[in-house]
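What follows is a set of structures to go through.
One chain, subunit A, appears in both complexes that follow, with subunit B as partner in the first and subunit C in the second.
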Partner chain A sequence: MDKELIARGVKRCSTGRFLLWILPWVGLLAFGLFAAALCLVKGLNQTNMDNRFAFGLWIFLDLTVIALGAGAFFTGFLLYILKVKELKAVINSAVVIGLVCYSGAVTVLAVDVGQPLRAWFTFWYPNVHSMLTEVTFCISCYLTVLAIEYVPIVLKNRRLRDVPHLMVFEHELHKLVYVLAGVGTFLSFFHQGSLGGLYGVLRGRPFAFREGLFIWPSTFFLFILSAAAVGPSFLICITWAVEKISRKRLVRQEVYRVLARISGLLLAVYTAAKSIDTLVWINRTSPGAGFLAEQYYSWRPFGTWILLVEIIGCGLVPALVLLSPRLRQSTRWMVAAAAVACCGVALNRFVLTVQTLALPTLPFDEFLSYVPSWQEVGTFLAVVAYGVLVYSISFRYFRLFPQERELRVESAAAEAEAEFELVER
Partner chain B sequence: MKRYGMSIDLDKCNGCGACMVACAVENNIPAAPENANDRKGITWIRVYKIDNGEAWPERRTAFVPVLCQQCGHDTPCAHVCPQQAVDVDAKTGIVGQMTERCLGCRYCMAACPYHARYFNWWDPKWPAGMEKTLNPGAAPRMRGVVEKCNFCQGRLHAAQERAAATGKSEIDPADYVPACVEACPTGAIRFGDVNDAAKQPDSFRLLEKLGTEPKIYYRSKREWVRKVASAPGRNKAVANG
Partner chain C sequence: MFPWNYGFEWNTSHVIFLGAFYTVLVVVATTVVSALVRARRDLRARRDEDIRWHSEFEDLPAADRACRHVLTGEFKRRECPNAFDCRKCETHARLIENRPVVAEEGEDEIFGMAFPLDRYYHRGHTWARPETDGTVTVGLDELASRLTGTPDIIELPAVGTQVRVNGPALRIRKRNADVRLLSPVDGEVVETGGPEKDWLLRVKPAAEGGRTFRHLLRGTEIRPWLLRELERLQLALTMEGAGPALADGGVPVGDMAEACPGADWDAVCGKMFLEP
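Here is the complex of A and B:
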């Protein structure tokens, strides 16, 4: 039915099968939109956040999703600025992932604030000292950049290329790609950093507060590093999952190896930086504010194990696996290490958001726990469903993996050769 | 104009909660809905109970009223608000909240080490007839914005208007006291020049090492009260009593 929309030279499942695939995601999206509508119409009393747990599931997952979506800016930076040509094979996919992650996060943020209609106030009355102002400005601009970067991918669709004006427009837009990559990299570096700064500047929360350079706390730089490190890892995981689900080879093994090597290297640097930062915080920053670090870890379940899992289990170990040429050759090891690295960044964001708020600062206050309501979970599931739908549609109708066609031709040729040999024998 | 501060004598506070009630009435704080819990309600001033951790008959108890500490240095909430909805009056030192500009992002709540900021999780509602008792000097806040103690700024403005009407440039100190000070039956809460509050004997401030320079001073002659109330963070051993 939609054959005319599918790119030449690639094979996609039947329309019926595709509809069957997207149906449960559409259902999940509808459920999530209902949950979000409840929060918007009835108010944030629908959530389990409260005056102590002012931030909850949404902020934690927003920070995680934005870090994972960093593959978009970092791949663009590596490809267009540092000229790592192998990454051309995944850049389109990275842009879609980035767009989905950022637009999803911004949508959830709009539900998370009490007065979403006042969002423009931040542009009108900006507080230049607030990290949230920096985040708002950068994230809005970068989302626009991602949307512009997505347009040429859409315009490359077989049917749309039949329209001459669109083809010219796409061609002209493509010339901007280096500028967009540069602008996107700058904005993304800044807002990944300012997301880290959000908590790092909280001097009233000694668990999160960090010293730093000039106006930026160390978490500013750690967030940039961690996002750059796990962005390629997430790209590995998604590409591998899409290959498995679609049962097609989409990129050459060499592309995986390059992504793994870059991710491993950055993860190793991040792990070292995070370890130094933790030591400085334990021995200087936190005692300086009157809090001994051991106080934080006396509350279960947040023992020191969480710190070890984050730095060693989800930092050092996957970094070593991804850096080892022998282990990197094994897809199983590589994908597992990339997935663990992604979990590590999620754990880091969880610690910084949820654990910070759970710990008491006043001596007579309680350690608190929080369990998100179904409306909070539902709203986030809507973002997951939206992401899967946008990616699925993009994968079906646009050329996300330029190597797919050649790989298909190669494997067809190999099959024919094998068949010929069999007949000859 | 002087910078305001408060001194709370913990040896006099009996935990009656009159300050909380007076505050709610003065500032038009609506009653919490039935399904609200302790952590979703709005209480600009909140009285905590502390003890010395000993078993009876050695057990001793004290009460610590906690309100916005009106931080004077790098005010954590003002520093982080993305749209300048937190206003620090350089003359009076009062940290005010412009609720009509508040986005409801709650970043200020995460930043406040004293947990003295409250979010309007529900639309404000008063039982039929009760709306007639609202104070015209304090605008009720809408759902989705953050609010906090502002030293009854409505009373300050009224006092300033009265002073201006009589041709005075300064207000009469007796003409402006917050509702909690007025309501305290034991006279535990005293209000005035922050420098006077700082001079009181046996004074301390909450989480002093954070360097936020609060303008609320607490007093107690009892050493254990000073020790428990001024300690940074809650120690697990203390928490377990």
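Here is the complex of A and C:
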């Protein structure tokens, strides 16, 4: 039915099967939209957040997806600025992932902040001393850049290319995409940093407070590094998952290896920086604020295990696996390490968001626990469903993996050769 | 925020922060506007077909972008850097100067298909034959004819239409296939043929002289090219649901699309006629 919209030379499942695949996700999205609408209409009393636990599941989700979506800016930077040509095979997919992650994050943030009709206030009356203002400006700008980067991918669709105006515009826009990649890198650099800086400047929360360079706490740099490190890892995981679900080869193994090597290298640097930062915090920053670091870890379930898992289990170990040429050769090891690295960044964002707020700081404070309400979970799931839907539609109708067709030809040629040899024997 | 908004102050923070923000906005807006302006300029200069072909050429698999001198064995591996427009290729000029292509007469028979040697062949399976009156006749080669058999619809350009090398010359629909065929020459269509004739267009070439056909294959180049095309066809048929083909040493049937109705002919024709 929709065959004319699908690129030539690639195989996609039937329309019926595709509809069956997207149906549950549409249901989940509808449920999540209902939950989000409740929050917007009735207010944040629909959530389990309060004045103490002002950041919950949504902010954790925002920080995580923005870190995972960093593959878009970092891949663009490597391809268009540093000319790592192998990454051309995944750049379209990276842009879609980035767009999904950032638009999902902005939507959830809009529900969290509420009062969408006053959203423009943040641009018209910004507090230029606030890290949040920097985050808002950079995320909204970068989302615009990602949307513009997505346009050539859409316009490459077979039917849209029949319209000469769209085809020529796509061609010209694509020629200038390196400018957008540069702007995206600049914006991502600052907002990833600002998101980290947001926690680092919390003087009233010594668990999160960090020293740093000039106005930037160390978390500013750690967030940039961690996002750049796991962006390629997330790209590995998504590409591998799409290959498994669609049962097709989409990129050459060397593309995986390049992504793994880059991710491993950056993850190793991040792990080293995070370890140094933790040591400085344990020995200087925290005692300076009147707390011994061990005090933070006396509240269960947030024992020291969480710190060890984050730095060693989800940092050092995957970094070593991804850096090892022998282990990197094995898809199983490589994907597992990339997935663990992604979990590590999620754990880091969870610790900074939830553990920071759960721990008591003042003498009359208590250790708090927080469980998100179903409305919060519903909104969270809506973002996941939205992401799957946008990616699925993009994968079906747009050319996310330029090597797919070539790999199909190569596989067919290899099969034909094998058959021929069999007949000859 | 602008200087006249409530809360704005002329201090370093405001100037740096808002300056960076507005710079980003200006760069992004300029990029989009610039793309729009350039697109408008391209459309006015009628470069759209040229752009389309270059874009499609980039989308072809690397093996399909092979230089013509790879086909003849002069290079082991080389991708065409000029999107099959050898008129501006210095390497091609040098090679044919050292080893001119031998023009032959009669016709070459390849797997039961006749390829007259009085004409030039385009890599997209059209041919161009210079006529004594200065016009050029354009038609489909035997492989293309057997692929499409009797087409359901042939859309020919109107008399007076300007066609360009590697631009669309005509469109063919057959079963589920809907493909354009590339023009082998630049010029103005002066007459149209059709299935009842052995040619499709008569074109008054835009330029005269040896360079008009320099990008096209001829003589001794035709056989190696066709053998490679048959390999591509065999692979395409295997991939697109026609099953193994030609393995018994037979020849292509007269109307392949009718012989294998279950195959995805749109994909097969797209591959063979260089429309990815």
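One rule holds in what follows: the second predicted complex is superposed on the first by the 424 of 425 C-alpha atoms of A that agree within 3 Å, B and C clash if a C-alpha of one lies under 4 Å from a C-alpha of the other, contacts with A are read in each partner's own complex, and residues count from 1 in each chain.
We take it that a residue touches a chain if its C-beta (ideal position, glycine included) is under 8 Å from a C-beta of that chain, and two chains touch if they have at least 3 such contacts.
If you're wondering where the values come from, they're calculated on a predicted model, not measured in any experiment.
Within the superposed three-chain model, A:Arg161 lies in touch with subunit C and out of touch with subunit B [touch as defined at top]. Within the superposed three-chain model, A:Leu198 lies in touch with subunit B and out of touch with subunit C [touch as defined at top]. Of the two partner chains placed around the shared chain by superposition, subunit B is the only one that A:Asp365 touches, whereas subunit C remains out of contact.
Of the two partner chains placed by the overlay, neither subunit B nor subunit C lies in contact with A:Gly313. Of the two partner chains placed by superposition, subunit B and subunit C are both touched by A:Pro126. Within the superposed three-chain model, A:Gln115 lies in touch with subunit B and out of touch with subunit C [touch as defined at top]. Across the superposed pair, subunit B and subunit C both touch subunit A at residues 124-126, 129, 133.
Residue ranges of subunit A in contact with subunit B, taken from their complex: 43-45, 49-55, 112-115, 118-119, 121-122, 124-127, 129-133, 136, 198-199, 201-206, 288-291, 295-296, 298-299, 356-357, 359-368.
Put simply, subunit B touches subunit A in their complex at residues 33, 35-37, 39-41, 48-50, 64, 66, 74, 76, 79-85, 101-107, 109-115, 117-123, 142-146, 206-212, 228-236, 238-239.
Only residues 1, 5-7, 13-14, 17-18, 21, 24-25, 27-28, 31-32, 34-36, 38-39, 42-43, 47-48, 51-52, 55, 59, 61-63, 176, 234-235, 238-239, 244, 247, 266-267, 270-271, 275-276 of subunit C touch subunit A when the two sit together in their complex.
Those residues of subunit A whose C-beta lies close enough to touch subunit C in the complex are 3, 7-9, 123-126, 128-129, 133-134, 137, 141, 144-145, 148, 161, 164-165, 167-169, 171-173, 175-176, 179-180, 183, 186-187, 399, 402, 405-406, 408-409, 412-413, 415-416, 419-420, 423.
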